[in-house]
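Same chain, two partners: chain A is paired with chain B first, then with chain C.
Showing the complex of A and B:
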């Protein structure tokens, strides 16, 4: 193995595309073989000994109405009370989820605002979409929010997802241009770009582990890639889905990631086993998954589907526990609140709902 | 980036990934379960929330006043 790991120079002029292709195939086969060797048992088998979960006792508590188009993205403030949402109609709305009041409504210079995120301080939100840009809006009641907006970065295609990693100072974005990018908010400068996807990036998540320098991205190349934010290097890649991945989320321990795809399945990939350890699917589920999230212990996996439902899975036993009905069109976004007490969902039916 | 260059990058990436340390799936699963069990007591969606503490419960108390 030392010869493989060490001699990375491949600048021999006779090195052709053909020989490189062979090398790629060989390495992929070896990777698969190495991963398969350690595949000694299924997660659902290991979890058989666990007591079954009590019935999930949540109800629809609030309906947030105000968007005049499909809701495409939403995010909780760390205050567990405010929600930002963005929509196909070009609007971004800041909601007080307790009262259902709209505190701010901002019209973007674009339709399809596909991504929005609350800054950790709660004083700022970021959003963007078909304008290819990530724009931040400092939130204040003194003046019009739009007057303070600042464009931070621009991709060469639509921006599909964004988040603030750890502080208000940086924004991480994913784009239809197949890259992810880390931006400095203050200077509006690119800090690091992340190349490796072979298709549109659809979703991002930051590792909850203490170092906080790892994130995962997934997209239309059916891959989930784990990145080192400081170096820009891809450190792990996971395949298995048979269609586009629309959503990716870290298991709360940071040791695994869950993905949801147009192939109507969710999957769990363990970082240390370096492979898929569970598939969440049923024959009766034939519609794609747009969004997913874990309860704070990781036991529930909530997933929003194109058939207007939210399926609730037991992450460990890999069985579906219940279905949440309410939305009248595709469920596009879904987030457990920061304290783990409530679930927010957004839909093509123009509404958001709070379940608690 | 030329196609050759892109493929060289891919080869290097795969070599790196092929050489990472892995654990058995059984061990990985045990650790996922352990984390969940340690945190399940504090997971309100699992344990249920008392209605008096639920900020999203419907307010019915004030109508009489």
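Showing the complex of A and C:
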């Protein structure tokens, strides 16, 4: 691919690169064949027998105002009420979303802070963006939060997503340099890097299973890759989207992943069947998906779109249940709270909203 | 190979933004359909008072067309889509500068494709010419707004080197316009004005055309090397042979998962006693703190779903530990936790900690030796040579499955678990049925059937209330005094303090107060409390003087009708 320029220097390797590329394509096609073999029924058909869900009555319950730029990312604290959010103007704010009070505001030395995450202990947050770095801020009321900040790792391009994998001691990041990386917080050291994406990594999610050592990442190469954290090896790959994937999330059981893309669809891929099992799309939805999440049971799939809305899907019946209106610009981030009682959304309209 | 062509094109013009183009093309396809003279939105000259407005259509016609074309049931969605299209400048209100679509007879006009956002990247010179032009025309009709005058002044400075050119262009265009027909003139003027309202919106208006700085994402960064390709070939070769599960089977399991958790999903079953975000009452969170003396019934029931679920809950771990101690298989859970800690801990001192764990749990004659099969022991010993955070993964997995098959199954059948369920807090209960005495909310009564609800079929409804009601016998079970096992009890297990158990027996409300105690500290130091450990001494001291108003408030919220009785 795109190797035309290299052909001028040496002749033979090009030949073999081409043949290798061909072989990869051939194998991919065979893989697709294998996957199709066990295709006996559609999810919506199996789910037909289920009773329809009761009417959802989700309303905006809180509006968090304070950012003076587009809100790009947010994350819940495990205490179920605090939220960290980051924005285009380089600010990171820690909210008590329940009271809507701002508890900390930190100015980052960069604009477009595209990723932020709450540590499981609730004592620390991590963030980064166009500065290519992941920085942690221990939270305390005694002193200025930014005085204690520490840079943990650096990518060679912007950092698009990060999370703490069940531990305050490690951070997992995804970057525009098309890699993911696992960092040790205390030593500020790279533990493992993950190569395999052919484009910017836009999103990642950790397997919810307690013992699981896998995570999934997805991005502009339209692929979702499942990784073994221990070895750094890719163990599964999923394709199907027709444009960049912006968001990926594990189904709560850990057996499937959902992706949301600029092609205006969400998709569900099952890891055991190793294939796509559902597409969530509608003629009237033409804008891309930026962020998605599941309710506790997995029955509801919430997705935030570029057309300012949140669409709520029935994961099993594959139908849209309702639309949440309220934001006045793109919905960039969306997360169900740890106990499943609420949904937080952040938008380019400078606000965050809590829905319940 | 199409993709590589595309990526080359992207290298050349950094402004290329494929996802954005994708959305534009989708919208434009729709707009073209709208303009179809036969099947599109009816466009004609509309009469407004005495004037005739050329080439316009009405808001509700468009909404209706969209509902029809896109198969939309809810009119709100059609209006929303119409608004988005309007904000992108594909059509615009004839008599308004606010780009919103109203579902009435308000008149709109289509933008000419030349001015569609995908076609045109305007620069400052274009804008300056447009503004200049308007200053040359009828002031009443074409006068500049304040922000536009400011913009013009700014541009004049910025473009001083070619300001003459700007003025000339403007004049020329005004002269050209004079030769046009009147209706054409009106239409063109309005289209141009609308275009600039989208491209250079007045202050305070969001522009939907803004981009993110990472717009020029690239699908292929660089040519793949031979090595990388070889790796990929290997990857796919292995991947193809991977075993796969039949689709029907996995789909059934996805459905089962939803069913199993429906009762625990607040979006399906609501939250008991109430959802804090809706009721402004945080009782739910207080009842479900990480470590509580008396978990709610829902929480205890959730532990029956799987061992993972039990171990994901700190209180669940504590209770399981208490049980395993009685069962003399405490070392398993301790080992599991130690490995968990190792995996999630810091990188420093990994080797030492690996050694510690090995000596405590795995070495021959270790103080807390766990039972492993010979194969796992072999694997682990092999891995011990280069200790890492994953050294004990196989052993941990083995111990986990051991606990799952054995201890966990027995835990669920045990008296210990039955007591937990019996003493659990019933948040969803309608207390009307019980005559508990006036003021204190006691830890309430028996809901003996443990996992019945999960198997009962009616999963998708809020069955908690109904079932607990029908099943309730109205007799309160005798207090066993064996119900509470907090971390503090763990410490006291060997030498039970008489005083402690005594006070617990005599006052059933103590343990509730202790919950409140956690609650209070949560309120004061929200951050520290997450991993807070119960400290037995301080709890006992405070438990007596902690008569908060919380129970009362809770009661009212749980059963507001109670006061009316």
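Criterion: the second predicted complex is superposed on the first by the 340 of 356 C-alpha atoms of A that agree within 3 Å, B and C clash if a C-alpha of one lies under 4 Å from a C-alpha of the other, contacts with A are read in each partner's own complex, and residues count from 1 in each chain.
We adopt the following convention: contacts are C-beta pairs under 8 Å (C-beta built on N, C-alpha and C of every residue); 3 or more make two chains touch, one makes a residue touch a chain.
These numbers were taken from a predicted model, which means no experiment stands behind them.
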Item to check | Touched partner set for A:54, first chain B, second chain C, both or neither | outcome: both
Next on the checklist: Touch test for A:237: chain B only (first), chain C only (second), both, or neither?
Outcome noted: both
Checklist entry - Touch check for A:104: first (chain B), second (chain C), both, or neither? => result neither
Item to check | Touching partner for A:155 - first (chain B), second (chain C), both, neither | outcome: neither
Checklist entry - Regarding the shared-chain residue A:186, is it in contact with chain B (first), chain C (second), both, or neither? => result second
Checklist entry - Is it chain B or chain C that touches the larger share of residues in chain A? => result C
Checklist entry - So, does A:296 touch the first partner chain B, the second partner chain C, both, or neither? => result both
Checklist entry - In the superposed view, which residues of chain A touch chain B and also chain C? => result 1, 5, 16-17, 20-21, 23-24, 27-28, 30-31, 34-35, 38-41, 43, 46-47, 50, 53-54, 56, 58, 61-62, 80-81, 98, 234, 236-237, 251-253, 255-256, 270, 272-275, 277, 295-300, 315-316, 339-342, 354, 356
Next on the checklist: Please output the residues of chain B touching chain A within their complex, sorted ascending.
Outcome noted: 3-4, 7-8, 10-20, 22-33, 35-37, 39-40, 42-49, 54-58
Checklist entry - In their shared complex, at which residues does chain A touch chain B? => result 1, 4-5, 8, 10, 15-17, 20-21, 23-24, 27-28, 30-31, 34-35, 38-43, 46-47, 50, 53-54, 56-58, 61-62, 80-81, 97-98, 196, 234-237, 251-253, 255-256, 270, 272-275, 277, 295-300, 315-316, 336, 339-343, 354, 356
Item to check | chain C residues within the chain A interface of the complex | outcome: 1, 3-4, 7-8, 18-19, 22-23, 26-27, 30, 66, 70-72, 74, 76-78, 80-81, 84, 206, 208, 210, 212-214, 217-226, 229-230, 232-233, 235-237, 239-240, 242, 244-255, 257-258, 260-262, 264-268, 271, 275-278, 282, 284-285, 288, 308, 311-312, 340, 343-348, 390, 393, 396-397, 400, 460-461, 522, 526-527, 529-531
Item to check | Complex interface listing, chain A residues touching chain C | outcome: 1-3, 5-6, 13, 16-17, 20-21, 23-24, 27-28, 30-31, 34-35, 38-41, 43, 46-47, 50-51, 53-54, 56, 58, 61-62, 78-82, 96, 98, 111-112, 114, 121-123, 130, 139, 158, 160, 165-167, 169-170, 176, 178, 184-187, 189, 191, 198-200, 209-211, 213, 220-222, 230, 234, 236-237, 243-244, 251-253, 255-256, 262-264, 270, 272-275, 277, 283-284, 286-288, 295-300, 306-309, 315-316, 323, 325, 328-329, 339-342, 348-349, 354, 356
